[in-house]
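Okay, handing you the structure first.
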């Protein structure tokens, strides 16, 4: 497809919204027609982001769903969960395409939503319609989606590390242990002493143990890959850097595979995926290599000594873990080359 | 002097208060009898600071001046300006010794206080009585002080860098340019996006230009050293580390001095000061060397090419710039060896 | 015991040696009589460490085993593996006490040494004699030890997190997965681009997968605790901070224990250990709380959903993970109160 | 101009070379035909930079001047001083365009080169021919340049901050004091303990005082702007971040100008410069805003109290301070829109 889409960003006050603006303002097939922000209404993109974004003179506005609805055909929602649904419902009724970066439409089971988000799901009828915005697994469905539910950062990193192993039945799903390290931007743009420089610098900690909100999302997708219900242990850690996410997954192998076999399975699985490079057997991922890109580097190791498979992934939590992955889904949805605006 | 003093810390919610607790809880001549904190009332020191402080079971309380007054003989005030005076006035009336770490009693001229702090001075009659808590310049007066006004972090670093040059008339005071770099803990323990990790990490900026509140304090003390009114340019910068302060001062030399001459003047000036090491002529200060100490390292360079004198100092903004310097002043006041509890 | 021991530090060129100097120079029962360093020979402690250490005028020397042997009664070896044995053998023959911080005397099985360190063990006859320097598990044996093999940083963090669970048979040892995050000082003081600021800042990575050299040491001690051979998965990660180590351990529970039960087991196990605080059930460890201390904070969580036990520990890799733990072992060996010089 | 230039990068082993590859590999009018690197010869760009660069399969080679000369028409030299001239001389003879990022052709006076670089200038006859690659001052000359000498990072930041003030005679040149803070990548990709993470993190220091090699370059250009010889004080500082440079300049005003006057002079001076935004009077520069851009944000303050002018600039030391500025000069040279490939 050629031509441009009229696009609005709803909610540009946080780091994901900012990153969306940086990327969308450079995208050759996007015309940014509206950007909303309660906090920065009245400022231009240039005042907010300096020389890091184009469309510099566009003014941010505080707009409700009705007001913003007329301004574009495609809407990126970078809003808190719950609030996103308030925008998505009327926009979808009006025939718009909604690319939602919140948690509102990721879980197919509204009971899980209630269990982890402590509220009734605001629009359960839309859960069947939404397509999970991970192009590596849902590329075909995304091409016709009206509502795209972009994955969370932790789920993206865990699913991409595990997908080949589960599809190829390399591991026992009931033994999966996921440990993730996240940069502080993952906590959002918050006025909170816990996330202040003086508290976080030279410090690290686990958090949200043992029931982080991303668990049902990870388990839903791993279950789809495996064919049976998968339950995992997931432990997120906060480390002192701004952008980056490193995930280490360990599980028992079903059979004692050799490194060259699992290496080949992983390489084959992602052979045609431009954004999931599989590292050679002598290299492990580093987050800096993927910073400010849409890539999620993946590595796999068969540990003969313990009979376990080790899987690793590295991504930018604001990139493949959030904003650029949403743009990748946009490209798939509208038929642009998948890397448009992303490299 | 031997024996112990009953000591209270008023205001332990911030980084200076925390550092005071770490140091005072180890001081062999101090019995911590009360610690106040609005925010952490009910918690023990151990809950607040973990294994970094002793007196672990002492419980923090929210106490007004009257209530805390009966609990100790010496009071360290780690409070915001204005609030400090509310405690200092009744405590002094009750005959207590007050070691104030706020800005309330540093400026001798209440008009300057009003100009920079935008309020009438709350107790101008005490300004004559207070002794500036920089032992290197006011050791004798501190021995009998009832009210000690501990210096600000920037003033400590600038004054110690400049004192030998001004006393020895090496430089033209009207040409003094002071540039300082501060770690983020200097901004306090604050829930503010500006001081969040994601904003400050990998970032730096000047701030409070050209009228930072520490200017009148620096100028007051430099004028005392020089004998005539000194006006300076002072530019503070925020850099991404937690604890540390580096100050670079540049001024025109009155005469073209050689390095060995200015080196000797500086070494002689601080020869008997255990906490102000003068670095040799082939070394420049680094803040990490003085982190978590009460030292302020000083260096001097004569630049024959430009006819200027370069003066440098490095300290820990929470150490010699705040908490440990207050303890040094306490030691002087009560006749303990000056390094007691500090190394 | 009272009085002072004559103590030498052999190998003060690295971060562990520096930290030893900081701590030992303040220890009231230690007289530092010699410090060796090939790299810094001729410098004083003060030139090396600035105001962070006492014994400032002691000069570092480049001394061979024979030359240093006459200078003290107790020797802390902060040397590379292999080199440590070259000093330990003659010193032990001369009747000295050796506290070795290298890997040379930790493994009881010389075959494991050869497998992981790629060399024949230099003095296998000493392996029976050496006592593992973890006071929480080997306090009695340490009281008469001539050769103390101080634990590695990763082993200390993993063993302390797992000890109560293994002793109380709470978990299936064959399911143990250990993930650790280390500050960069753990890699030593190295001129290597990999450890340069520009490479490591804003970056993180796993490394030495799947066969890190600390694995046989961890497995040896876990097997002692469990009574049967234990094999683990261990994945270390490098994160951008200088000092700190965080370890997350996950294993299947044998029975579905409740949080209050495992909490009580952990609290009882470490009730009399001043340096292993067990955190309450609503708190998780942070490395900053233990920075520059000898503490290793431990937490435990029973995850009913997955039937797994989660165990966490946080320590300073140069503190309880290296230098201060060696001093704790020294205190035990010579009958000083265990916290002497450490708080 | 349209079409593509055949371009080679000579010396891709350092951070400037890497950044050049990132930018040039995306530039729509550049065909990368050769990249040389002694250290990484045999690797592909993709192996070196991962997903951060395109032209992924180009293989780096170790090529001497004769061998590389036939491979392109335009040569970016990211080499140490001295080595750069060894390539530039034969390439220029062969009629190629050379864009040199080293110090070899910046100083017009070979005596200054010898004084600061301790070697005879390797090709003094070329100094008349070279054009200083700062488009904001030398745009016209660059359009026909065969040899472009790209400015150093510190000179760029100082000159852009000072240019309007000197051109408009706002300040007394003999009073100029320049203080700069640089990220650690400015020191290059070096295996040196001084630049290791454990040494530089949580640390800061001045260095190369008082005779940094960039001083004659700054003074040469300020003298051109002022019309008379200008001598400055320049103090660089190393701070713990990777990419960023902040410069603070202070000088006495000739007359007591008001803020609105100096503000207008600065805004007018840079009104048509897309890469030098002048900040409004209520904002000060932060380096993060310009990270990974070609922008150098500038601010100015008139301090009525001291009669001084304060000038600030913020840039990315690898961006406007090095690689992207070289690309900007390339765009000017070949008639492409100046921002091509840069935003």
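Order of writing sets the labels: A, B, C and D. Residues in every chain begin at 1.
Following the convention adopted for this analysis, a residue touches a chain if its C-beta (ideal position, glycine included) is under 8 Å from a C-beta of that chain, and two chains touch if they have at least 3 such contacts.
Quick caveat, the model's predicted, so the values are computed rather than measured.
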{"item": "Chain whose Cα centroid lies at the greatest distance from that of subunit D", "value": "C"}
{"item": "Of A-D and A-B, whichever chain pair has more C-beta contact pairs", "value": "A-B"}
{"item": "Subunit B-subunit D separation of Cα centroids, rounded to whole Å", "value": "39"}
{"item": "Euclidean distance of C-alpha centroids - subunit A vs subunit B, Å", "value": "47"}
{"item": "Centroid spacing, where centroids are CA-atom means, of subunit A and subunit D in whole angstrom", "value": "37"}
{"item": "Sequence positions of subunit A contacting 2 or more other chains", "value": "199, 201-202, 240-242, 291"}
{"item": "Pairwise touch network: line, ring, star, complete, or other", "value": "complete"}
{"item": "Residues of subunit D touching subunit A in the complex", "value": "26, 49-52, 54, 201-202, 275, 277, 289-295, 297, 343"}
{"item": "Subunit D residues within the subunit B interface of the complex", "value": "175, 177, 179, 181, 183, 199, 201-207, 209-211, 231-233, 235, 237, 239-244, 246, 248, 250, 284-288, 291, 301, 303, 305-306, 308, 310, 312, 314"}
{"item": "In the complex with subunit A, residue positions of subunit B that touch it", "value": "15, 184-185, 187, 189-193, 195-202, 240-242"}
